[in-house]
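Below, each structure is written out as structure tokens.
Note that chain A is present in both complexes that follow, paired respectively with chain B and with chain C.
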Partner chain A sequence: MPFFTAAPEAVPGAVSATDQALVLSLIVLPLIGFGLTALIGRRLGGRAWIIAVAAIVLTWLAAMVLVYQTLFVGAFGEAGLHVLVYEWIPAGAFTVDIAFGVDALTAVMLIVVATVGMLVHIYSIGYMAHDPGRWRFFAYLNLFMFSMLLLVLADNFLLLFVAWELVGLCSYLLVGFWYRRRSAALAAKKAFLVNRVGDVGFTLGIVAIWTTVGTLDFGQVFQLLPEALATGAIEQWHMIGICLLLFAGAMGKSAQFPLHVWLPDAMEGPTPVSALIHAATMVNAGVYLVARSNPLFAQAPEALVVVAAVGIFTAIMAASIAFTQTDIKRVLAYSTLSQLGYMFAALGVGAFIPAIFHLLTHGFFKGLLFLGSGSVIHAVHDEQDMDRMGGLRKRIAITHLTMLVGSLAIAGIPPLAGFFSKDEILAESFKLGFAWVWFIGIVVALMTGFYMFRLMGKTFYGPSHVDPEVEPRIHESPRSMTVPLVVLAVASAVVGLALGFPFENGILHGWLEPVFHGAEETLGHAGGDYQLFGIDGTLLLISTGVSVAGVLLGWRFFGFLSRRPQPEAVERLTQRLRPAYAFSKGKWYFDELNDLLFVRLGGLVARALWWFDVHIIDGTVNGIANLTRSSGGGLRQIQTGHVQNYALGIAAGLLIIALGYLVVVTR
Partner chain B sequence: MVLSGVPLLTVVTFAPLVGALLIALVPRQREGLIRWLALTAAVVAFVASLALLVDFRPDIAGFQAVEEVGWIPAFGIEYKLGLDGISLVLVILTTTLSAISILASFGPIKSRMKEYLISFLILEVGLIGVFLALDLFLFYIFWEIVLVPMYLIIGIWGGTNRIYATLKFVLYTLVGSLLMLVAILATAFSFQAATGSWAGAFDFEQLRTFGFDPGLQFLAFGAFFLAFAIKVPMFPLHTWLPDAHVEAPTAGSVILAAVMLKLGAYGFIRFALPLFPQAAQEWAPAIIVLSLIAIIYGAIVALVQPDLKKLVAYSSVSHMGFVTLGIFIFQEQGLQGAILQMVNHGVITGALFLLVGVIYERTHDRAIAKMGGLAAPTPVYAAIFGFFMLASLGLPGMSGFVGEFLVLLGTFDVSPIAAAIATFVIILSAAYLMWMFQRVVFGELSDFLRGLGHHLTDMTPRELLTVTPLVGLTLALGVAPGLVLDLIAMPVTEVLARVAAPLVGAAGP
Partner chain C sequence: MSQSLDAYLILSGLLFAIGTFGFLARRNAIAMLMSIELMLNAVNLSIVAFGAFVPSLAGDGALIALFVMAVAAAEATVGLAIVIAIYRNKRTPLVDEYASMRE
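Showing the complex of A and B:
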């Protein structure tokens, strides 16, 4: 081609080969990493991480190019980039493609998934260095990255569901990584099963969507379903039903009440897994699903109220349990539930962008806190009970400092990341007319500061309760672990200010506005001016005030830096609130209830049905057979032993039956 | 058209018989040669079945590669074989699993190898014949041929309670199939009475456009239903299955689950629906209810099974419930899903029985309570077992998911309530499979297994060779279900068109 020919105009919908390759590489690289590590990782011994980490670093680079193209250059417009790979299921009128889409929402998700994913991979080099099964671990981690990237890239509901199940599989494999431990195997199974409860709803939701509009493609569904509602082809309850079914799936994956019970148990997995899967990425999938489906939820405000109620209830319930747990990872797990609850509350009130904002910041600071807790556990030789920690501040200084940043961030102390995103959620809840959500949210903010600084105090401040055997051997973690901590701490410190300021009009709002604009319009959310010296400033002050109060309360009881903890005061408080304490410590007794309902009662039903099968159904069959045999005794004379006679008998019998038929037929 | 002129269907069907005859001529001491002959015959059948794909045109309605020879002209009975997409995929399933099963038998079968392999090859003839026969009498012959070798395989090479199990299996199936024979005769008589000639009275292609009298339809469908429902098996006619599975040798269980259970479902799709469309409509609601019961009930009972084989057997009841649900919901995606599910169930459950056989070879036990901690001493086994455990619970990316999902989709289209009930099984199937897997593979090595010492070895190359193709198939059909769906699309629309608009026969009353 002559060089002076003008470049052809970009055809709408046409996708350049480079962009296609970029999107595909996000999926393919981790998959190759998984395959190679699974095949030859074992032979690499101590270097089993090499392929997996290399694959993820490359994936991260590709993801960042894509994020840059999407968010900063705007190369793909508002509709985003769409890549069709092939037709996956061709079943008559029902066809589903393997197709990927990248828009602003996906790009924001990619930032969290790829970045935290890469840091967790690097961190795991050190954390898993002494585990003989590390090759398996890295193979699973790569498989998870493949699945999670598939989840955020999927361009239709069924492919999303595929990824949804695959991340669940990875969670199963990684929670049960130390499969010799019965508790780990149980937790892995529990996580998968509870998720499947939600999946029943999700599956039916997907099926209902297809039977309504005949497609599962995001773009078409989000256009056709609202149209069907507008033209009266479907009724309002239909839309509400679809949204609630989808939300059921979201409740499972994002561990919302009453399907939250699996997440705390999932802490049986190695800590990097808790950071990656159970804090920063997979558990956000439910939030992502609802956010992605915003054009549907916007048409079903009734469903959104349910989302808000479930979310805010989970937020306060989980926070109340986090008060009394002594396992450092479980405190963080309940904190994760609580923060996910915030995100759903935000979605429920129609504050979609703040929800995603919080997802982003939470991904960084909760990833940081989990990795920090892993560093603590590493330092005190696999001890997770905070009652057997304390005074670690100077012994593991980097871990302490980074976790302090994370704790302040989650508590919502300005100008750290959590402050911006949490404040937006609370402020918008109030302004959009959900004062009850706002009020409970404020209480949760107070609680968050308190339980986080209880955790910090018990772990880092005051006198040491570490096993004297271990005490002299406490050490800071290797570079591969501390560097990711520092990177995440920096992110937790600045990402809120960078993306969320000025309030409600930050860069992130600019990015995500096109995705949620239609939904906000449908819900009638007029974007009023931000009034720093009016309602907004007041709300800001209140939420900041309670956050600080929570933190100070934590300091008062559990110490801070050189300030001594007050165990007597804690004890007095515990005694005074005995029943509430027991309720919180017992995790609201959900596990006991589930055990009774599903394990015991369910087992009883299953055993009863088996008895029925053996004694009633099969008993009837055998009874008939025996009856035939005994009545046959009298007819034994006919049994001559000559085959011809039998043949005659059979033929005669058949003839009689056939004649009988003919009589019936011809009547 | 490279293969035109070769009666390929006959070759596929009778290649195993040739093998069986040759084996009969070999002295029993030459076991190596016998094995080699059996495997070769099975592989020839397999290759020939793949060759069917070469000239197959998925876009053509009706049957292809039809081979037709007069047999008993007095009654219009013919030797007639023909192929459509549904029979094609099931024939390939049969030849694949048969070859694998024969290979899998070489270790476990310790006595009378010659007779065993002859039985197995004859069994394969019957199975393939059922899927290809287009003459109802011929179909019945093949249908009954299947029974004899399976009776022997369970009764001679089975476990301790084998006689009880095999008699139960045979009598149960015989009751159903004899009634079916009566119904076949009744339809032939009715056809003859209406047309005045026996010509075509057993020819399926003639009969399926003949509108039978509703009364006859109702009764004949009932007889066919009983025969097929026992074979599937549908609740409450399923209790022969756990007994047969427990007593059967590994390869017997594999073929029983992977192929024999498909005979009933195939019978519904091929014969019962097109021949008696009105009756099928009348019977459908009851059959759907029975299917839903089977799906949930089989899964719940599977939860508490103490024996690995019984657990997989009850899971089959549940999975096959999806097949009958998909068939009788009379909806395109539902029926496509049902057929896909037949293939998937064959591959996945066949593999699960192979894997149970692997552990049985080493422990001579199948009690879940005695197992535990297999992941450490036998990592390859644990990984492959885990793979099929996940496939069986319908993990997306593997084949089981697409079939189940299509059935749910089709069912929801017709009856959202029925779909909602059926969907609950995704919790139950995960529960019984994962619980089983946890008790067998996770945890510390059990005392029982520890006591086996060095006998507890990982999978041998031969065992790996039997399951690897099934791993490949499970992934391939999960990622590209079109491999099957494209083949069955046309016959599915034909069957449904027939059910939706039953023709009134030229001479019907």
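Showing the complex of A and C:
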């Protein structure tokens, strides 16, 4: 077996031993960290984090070197670096390898995954310091990092799928980390089950690809499938079908309507987990999958319309729910849904680069917001209800400032990160002829500013509603928690300007252009010149104006810095919009709908099938057995044990044979 | 010696029927063994008769009858041995009592 050799499609001599070692270390280091922490972590007691954090810091270093090599030096060319580790499934002409690929898209994902992953690890040192199960927590966290890195590095669909399921497993383990709490155990189960629904589609999609082109290697699939379509070997609807099946998997993992119900419940997990898995990395896997499969989606514009519609609908639905939730983490969870919806909308309109750009910026500012909310929860002693917070601004100043940066960034206020990526998504939607996506997107931008500053206002400004017993003990979090917050705040502030300016022509576009070039060409998206004083400038002004309006509305009702909140105005508004308020507060009654459709109605069907199974299927089987037994029971009465009875039988038989013979012969 | 084959066969049939009746009707194991001998000899008689009257057999009937006698002797030996063995257990020669093999 060829261990550690270059894949044949790579340029000969381009893969040096150092690069291979780098790629492998990304996978191996977290795995070692997981193994060691799982084995001896319990004995380390309060220092259970030491191995795990060290492993991830080293991983981050390796990742950054690799990112530097890929994006800044361009050492691997447009095709990227491909490392074949092991021929996993050699089955005649069909082979699946353990093979890793690093191109610009993977490198951008590595920036988010490794950086947020490392910061969350460091943050967890403080956050989990008093939890007796911390060694288990760090082991899981390392396992997650291994899985997530495997996911972005995988060079074929099957390996991607394995990693896809591994991150799902880690999500399950970490959501249910406090498994003694019934709600946490249920939430973990829900996340796992809802993801299975999407994974059915993903699995079928992979099988469809395999039966069509007989390979699962990314490079070959992305070349052979469009070729098959061009030569007429497959029809258009095959392509659309494959894309929609892959998208079904993406919908599950990235929690898009109607499979979004698991993500808000997943907030039962520890807050660092929410930040890492359910905001910055794992939920982006769906976006990554669609972006990675862009050569396929480009051939199926109808599927892309579905992607756009699902994305933008999720965006506005989740934003409307975020209006009324009072659990600080749930507001952020719905905000995550909404932002993921933006990314899918961008992918759907064919704006691949803005989608990845938003993935990157969102990873930073949403990671920041979640870690900030964790710091708030920590400060008020495990209280998550925003109605029991308020006035925390001066008490936890660093948390407040960093979260303010994050909120402004997600609201899309220039010059913070979210402004660049969100504006680009909206502008591209409009210019590529998806005015409806643009319009809904603008509405969502307004809503985003509002609900984020509702969160800020209820948490940090106005009078305190904190439990009087806890009030005097409110404290800023330890340094291990505030330092990651500050780092992420800085990143949220500058990453958009650094990578996305000048508009639609930033560094990031240069990096990702080779990855998406073919797809954009297929879709006929010729990149026109950026007109600051024409259409582009107008769109920029509109989206910025709307974002600012949203933030100002939030200030108006919920206060800002020294401005007092207006609870009476909020109450009046709530009363006037009573049904809408109830609808939003009830999360559009999706859980109730699912309960009705699948638990009750599905339960009826299941019970009917169960009846059929017990009475018809089992009845047939048992009937045959009973028939055999009772006939045997009847027949055994003949066995008297009297030899003369048997002899009589023999004689009678002989007589019958003889008589029969006579009748036949003499006739 | 009668010149008709039928007469021998009728006699043989009668003897066989008596033997069969004895085997089915008698309850004594020894009597049943004797009935078997009767049936065997009825068969022997018919074989010898066929040997004498059917030209193609040309006297081979007597030879076969000798074989049957030999087998009958062996059978009687084994049969008696079994009956004695059972008798030692059950202390009765009546086969009605030998029903321990019933289901």
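Definition applied: the second predicted complex is superposed on the first by the 587 of 667 C-alpha atoms of A that agree within 3 Å, B and C clash if a C-alpha of one lies under 4 Å from a C-alpha of the other, contacts with A are read in each partner's own complex, and residues count from 1 in each chain.
Rule of thumb we're sticking to: contacts are C-beta pairs under 8 Å (C-beta built on N, C-alpha and C of every residue); 3 or more make two chains touch, one makes a residue touch a chain.
For clarity, every value in this text was computed on a predicted model and none was experimentally measured.
Q: Pick one for A:P579: touches chain B only (first), chain C only (second), both, or neither.
A: Neither chain B nor chain C is touched by A:P579.
Q: A:P472 in the overlay: touching chain B, chain C, both, or neither? Say first, second, both or neither.
A: neither
Q: Which chain makes contact with more of the residues of chain A, chain B or else chain C?
A: B
Q: Would you sort A:G232 into first (chain B), second (chain C), both or neither based on which partner it touches?
A: Once the two structures are laid over each other on A, A:G232 reaches no partner at all.
Q: A:W210 in the overlay: touching chain B, chain C, both, or neither? Say first, second, both or neither.
A: The first partner, chain B, only.
Q: Considering only the defined contacts, which chain A positions touch chain B in the complex?
A: 87-94, 158, 161-162, 165-166, 169, 172, 176, 179-180, 182, 184-186, 188-189, 192-193, 196-197, 199-200, 203-204, 207-208, 210-211, 602-603, 605-607, 609-610, 613-614, 617-618, 621, 625, 654, 657-658, 661-662, 664-667
Q: Would you tell me which residues of chain C are touching chain A in their complex?
A: For this pair, the touching residues of chain C are 20, 23-24, 27, 32, 95-96, 98-103.
Q: What part of chain B is in contact with chain A in the complex they form?
A: Contact set of chain B toward chain A: 168, 171-172, 178, 181-183, 185-186, 189-190, 193, 213, 215-216, 219-220, 236, 238-240, 297, 300-301, 303-305, 332-333, 336-337, 373, 375-376, 390, 395-397, 401-402, 405-406, 408-409, 412-413, 416, 419-420, 423-424, 426-427, 430-431, 434-435, 438, 441-444, 479-482, 485-486, 489, 492-493.
Q: Chain C touches which residues of chain A in the complex?
A: Touch residues, chain A against chain C: 636-637, 639-644, 647-648, 651.
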